[in-house]
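Two complexes follow with chain A in common, the first pairing it with chain B and the second with chain C.
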Partner chain A sequence: MKKIEAIIQPFKLEEVKEAMKSIGVDGMTVTEVRGHGRQKGHKEVYRGREYQVDLLPKVKLELVVADGRVGEVIKALSGAARTGKIGDGKIFVSDVMEAIRIRNDDRGETAL
Partner chain B sequence: MMIEEKLHSSPMEEVRAASEEIRARFLETGDSAGALASRTSLADAMIAQAHQEFLAPAFPDGLALMAVGGYGRRELFPHSDVDVLILVEGGPPVGKAKEALARFLQTIWDSSLRLSHSVHTVRDCIELHEQNIELNVSLLDQRFLTGDAALYAELKSKLPRFYQSQKDSLARHLCRLTQERHHKFHATIHHLEPNIKEAPGGLRDLHLIGWLGKLTGAQPGEDLASAREYLFALRCLLHLQSNRDNNLLNFDFQEEFASRAFLGVSGPAPLMRAYFRSARRIHRSALRLMDSVQAKSNSLLANFREWRSRLSNAEFTVSKDRVLFRNSQQLEKDPELALRMFHLVARHSVPLHPETERKVQENLPVLSKHYGQPRPVWEAVHDITTQSGAAFALRTMHECGLLGAIFPEWAGVECYVIRDFNHRYTVDEHTLIAIEALDELARTTDPARQRFAGLLSEVDDLAALRLALVFHDTGKGEESESHCIESARLAGIAADRIGMPELSRRMMLTLIERHLDLSGAMNRDLQDPATARWLGERLETIEVLKSLTLLTYADISAVNPSAMSPWRLDQLWRVYRTAQKELTRELLTEKIVSSTPEREAFLKGLPKRYLRIHTEAEIQQHLRLEEQRRETSLVVDVRKHNGTYHLTVLAKDRLFLFASVAGALASFGMNILKAEAFCNQQGTVLDTFAFSDPQHTLELNPQEIDRLRLTLERVISGRADVKSLLKNRPRPSAPSKGSRIEPSVSIDDEASDSATLIEVVAQDRPGLLNDLSSALSEAGCNIELVLIDTEAHKAIDVFYVTANGRKLDPAKAETLEARLVAACASS
Partner chain C sequence: MRPQYALGLCLPVALSTQAQPDKIAALEEAVKSAQSAGDNAWMLTSAALVLLMTGPGLALFYSGLVRKKNVLATMMQSFVLMALVTVLWALVGYSLAFGEGSPYLGDLRYLFLAGVESAPNGDYAATIPHQTYMVYQLMFAIITPALICGAFAERMKFSAMVIFSALWLLVVYCPMAHMVWGKGGLLNAFLGGKLPCFDFAGGTVVHITSGVSALVCALYMGKRNGYESEPMRPHSLVLSFIGACLLWVGWFGFNAGSAVAASSLATSAFVATHFAAATATLGWLAIEWLRTGKPSVLGGISGAVAGLVAITPASGFVKPFHAILIGLAAGILCYVMVAMVKSKMGYDDSLDAFGVHGVGGTLGAILTGVFATNAVNNGLKDAAGKPLPLGLVDGNGGQMINQLAGSAIAWLLAIVGTLVILKICDVLVGVRVSGEDETQGLDLSQHGEEGYNLEA
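Let's turn to the complex of A and B:
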């Protein structure tokens, strides 16, 4: 099993959710986060004062999928989240040792 | 063996059979009092029987059983604990006696009654237990069950003296505990899924009213019997249907209970309305009693309250920090007395006396009838909604029913439940919390929120903003495709009835219709120019944007306590900035291109903003002035409206024109509040100024208005020099250092497509505008468009300038910046 974490633009959330649904991935965790990558933020002048805007609002998705589905999920995810501009975000993939469904103690991929 | 088995199994069966009977009878009749009494009798019988069997032999004397708490009151709900106090002589039982007690308790438990017991001596019971105040309180509802009657009599004879000596301390403890409990529920009754026992307005508040009554003799002031009955019935149902001690009236149960004929409601919404109505009465009574207890015990508070008596006037008395009518019969004859009273409430945040509330409630039919007709009460409504205590006043008006009487449109959302996962409160409560969120914003110390507080200080039409909030969700109470449109329709009806002026009305309706736009934009690509254009088209003016940003801030904050996360706060600010930049950009670009032939010559080339900020009547007036100007080449029009003077100038454009007008006004000691300068395609300049007359010069010397007009004509046509006029003005005293606003000048080359944008934020002073605009003209800049705004002592001046028809070059911009900073300081 792999855990896929994606940091995406907030306005892309609906499209990404749709894309996941269309390939049969139903479960995901969505968190509203703030951060910066290479974009680093920028200076803003408002009412004559400069403000450093270094943390931008983003959305973090987390989903765990069977090993065999990773490629397909990443393709759909990055396809839906891409605008081609700076700030589109990143996807991270990592190994998951175990999954347990709390309700009935299902283990492994059946728990996903 | 047979006998023992019978002994152990029969109590359980007995309880089960009796409980089944109580359940069936209640579900058929809805008689909660009967159900509670029957269950109490059942517990009494079971305990007496078990006592006889196990305790009586082991304790011929020295032990008495008492019912306390809800059981003591004979209010045993189907799954409530059975609270028993075991009164003993000396210490806790040991040896055989302890064994007998254990068997007694086990028998009751096995019978499936949930016994909750405690063992105490008489001495325990008449001592104050600061850490276990519950024991002292539960004994307020005690009654004797069985056992040593003499021992019980000893306690009973001592209790009254104990309570007499400790009543103040106990009452205070009770109030503190209640406040803590209310706080857990954000001190509101209006939860979509309420806990009908613990939440404000729930059964605990009823208990509190009973306890404070027993301790201090205070009475709730209104008959709560029907409210009590309704809550009792709901709790019986909750216990029976969930088969446990459950007090959370969730959506599923609301749906299910609505079909119970004995509740007399026709669906989940009316069921909840009836609940909230009961809860509101109970909650109010509890607060009133707590208030009287606390006032008694706090002399500092009492002194403050006496001090506030000075707020009294000819119509109202303020006594002990509560408002009373001087003549309580007057309200019936003069329904608008109510609005004047709420002006006082809004201005000083002083609550109503319970007697006043009662009087208002009594007169609601008369008030509804009066305000149901078109009445020109806008001034009064405006005066309430622009005060610092507006949120408090609106909440008080809502609580005594006046808000619904003045605005029947509001009545539709009173206690209205929205089934939405995110929402925590009913629509009316959500709305009031939203209005309060704005008030809290003014006091915030959080830097992320201070940006929004800054916007709040720049809003001119607070009445339109607050009323937009009042009405923004009223459409939810009606069947419609879009509640935004429906809410705006209802607000429009209300606005017509109270005679709301055109511009405020327009602002309020726009805010309501668009109240989801900004939260919608939070989910759009803010870097996409299309999003910016969409925002610009929807919002039209910077004034709408500011108010709508604040409305959105308040609306999200009032969804639930954590809805306005730092993330949303950031996103909302980004939306605001995106829209603000777009409105700045398009001001010079989006021009009026065509109109009716008569208007075309004048309107063509003016920014679209012109149409968005002026009423049709004002446009007509400008057209008439333009006709005059064609004959005289110059028109100066001064008129007074609502305490503010309005100056309109129409002339051919020339250098120093704007500076001259600003200077002439300053030379008369006038304080410029707002100013805008536009230019149409034919090169005619339309300058509008709003100014105040702080020294009442024009008011006291009417001929000065003519002199002002003449002076203006002379400086505009270049026949008089504004500098020499200004020389004679006395210098104003400099503001104290602490309140001084450091001048800032920002020059933005990208904000507009065709001009350089210069924004100056500075401490306002007489002549500032003249100095700034002169500096611009002296530098050879042509002022294309001006927006001037003054809030308190802060001037926010925006100029769109060009030089030789183009944006300023960087070198020029730099020297200009220095000159403008210098101009801010000089006087």
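Let's turn to the complex of A and C:
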């Protein structure tokens, strides 16, 4: 099993959810986060006082999928989240040792 | 004008039926009571409008500008003053401001509101109950110390703020209100002042005193922790926007109500008020747009408030187009003070109470001397009943000196009074919260609550 963490533009969340649904990925966890990569923040001015806002609002998705589906999921995800502009975000993939369904103690890929 | 006109209509009817003198007296009484009803309706409405300026107007305007950990504490400062000042006003404040007394302070004739009942006070407002006048003036006394709260926002102890405001009302506000509006007050142009100064609705009494005291507070208390190193962005300009709109509307009670009658002078003040707010908004937006490339919402609403401040002393004395000029000047000057000068001077007047009220109020007081005209306000007459020239536009340039003197007195009283009171508060309870409390936020540290429990 692999965990796919994707940090994306908040306004792309709906498209990504649709894309996941269309390839049959049923579960995901979404968190509102703030962060920045190479993308610069923006400037805000209040009564002449400037503030540099570096940490921008982003959305983090976490999904755990069977090993064989990783390529397909990443393709659909990055396709849906991409605008082609700086600030589109990143995807990280890591190994998952175990998955347990709390309701009935299913283990491994059957728990996904 | 209206009573004579109404009487003129009634008289021929009365005379043609061979009316007895008592019938005429009854008619006069009816006319008086009709005028009193009209005036009283407007003045009670105005009083309510002025209270609306403090809560929710100013409370929202200020609390949107602070960080979210201080939103309740900032609202509370305005709200507690609605209660505290009311009680002080009833006990002694009204008497100190409006009792006859010396040129500097009222006497104690209205202590505990003795004699302030339904019969009008002919000196202040001949057509409305004295109680209406008292409660209308109370609303001014409430908002004035509330304006100062903008300077020490996010760092003053609640206990110190309560003591400060109570003392400030008695030591700074009441004497200034007496000098300008009280019978026999030094600066009262209409009731025997030695140094007549035109202040229709409180440019000196409300805005210079509060704005200058705000500057003293900001200097005395020092900057907020993290000022200029941490971001201190307004947490909700949405709240500030609603607050500013309520201020604009409430200001009609403040300025047009200061005619103390539902008269054509009230209309004139209403129009001047509205016009000045409009051009100040545009003035601030324009200079900001040119300088930073974007016209901001905060800029628009700050400009409106600046214009409303500046027109306050002038509102019952100037023509609409002069109000437009006063507003424009205020929008531009207050922007320069707040956005350019303040950062150079380095004091932390957190919500710009000085930059808007102190500067706008002083500008308004001076421009009142320029634009005041007896074509708008003929309340001052010579022995022959001819209206006296008021400001520079009437050819009375000397009035400028009086306006400057009146402003200087307000500045001086505010500086000295505020310094002394701050010192007293510091000795009694300490004016500033601990660093820890400041970091935690005043909502939790002073009141044990949070403004936004969105997960609750």
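Quick note on the criterion: the second predicted complex is superposed on the first by the 109 of 112 C-alpha atoms of A that agree within 3 Å, B and C clash if a C-alpha of one lies under 4 Å from a C-alpha of the other, contacts with A are read in each partner's own complex, and residues count from 1 in each chain.
One rule holds for everything that comes next: a residue touches a chain if its C-beta (ideal position, glycine included) is under 8 Å from a C-beta of that chain, and two chains touch if they have at least 3 such contacts.
Computed from a predicted structure; not experimentally measured.
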Margin query: For the combined arrangement obtained by superposing on chain A, do chain B and chain C clash, or do they fit?
Written below: clash
Next item on the list: Have a look at where A:24 lands relative to chain B and chain C in the superposition and call it first, second, both or neither.
Entry: neither
Next item on the list: Would you check which partner chain A:57 touches, where first means chain B only, second means chain C only, and both and neither mean what they say?
Entry: first
Notebook entry, point to check: When the two structures are overlaid on chain A, which partner does A:68 contact: first (chain B), second (chain C), both, or neither?
Noted result: neither
Notebook entry, point to check: Who does A:45 touch here: chain B (first), chain C (second), both, or neither?
Noted result: both
Item checked: Contacts of A:13 with chain B and chain C, given as first, second, both or neither -> first
Check: Can A:33 be said to touch chain B (first), chain C (second), both, or neither?
Finding: first
Margin query: Going by the contact rule stated at the top, is it chain B or chain C that touches a larger number of residues on chain A?
Written below: B
Check: Which of the two partners, first being chain B and second being chain C, lies in contact with A:85: first, second, both, or neither?
Finding: first
Next item on the list: Give the stretch of chain C that clashes with chain B in the superposition, choosing among 22-30, 130-138, 184-192 or 274-282.
Entry: 274-282
Item checked: Overlap of chain C and chain B interfaces on chain A (superposed complexes) -> 44-49
Note to self: Per the contact definition, I'd like the list of chain C residues that touch chain A in the complex.
What the structure shows: 231, 233-234, 288, 291-292, 294, 296, 298-299, 302, 335, 338-340, 342-343, 352
Notebook entry, point to check: So in the complex, which bits of chain A are touching chain B?
Noted result: 9-11, 13-14, 32-34, 44-49, 55-57, 83, 85, 87
Margin query: Under the definition above, what is the set of chain B residues touching chain A in their complex?
Written below: 451, 454, 522-527, 565-568, 570-571, 574, 577, 744-746, 748, 759-761, 796
Next item on the list: Would you tell me which residues of chain A are touching chain C in their complex?
Entry: 44-49, 51, 53
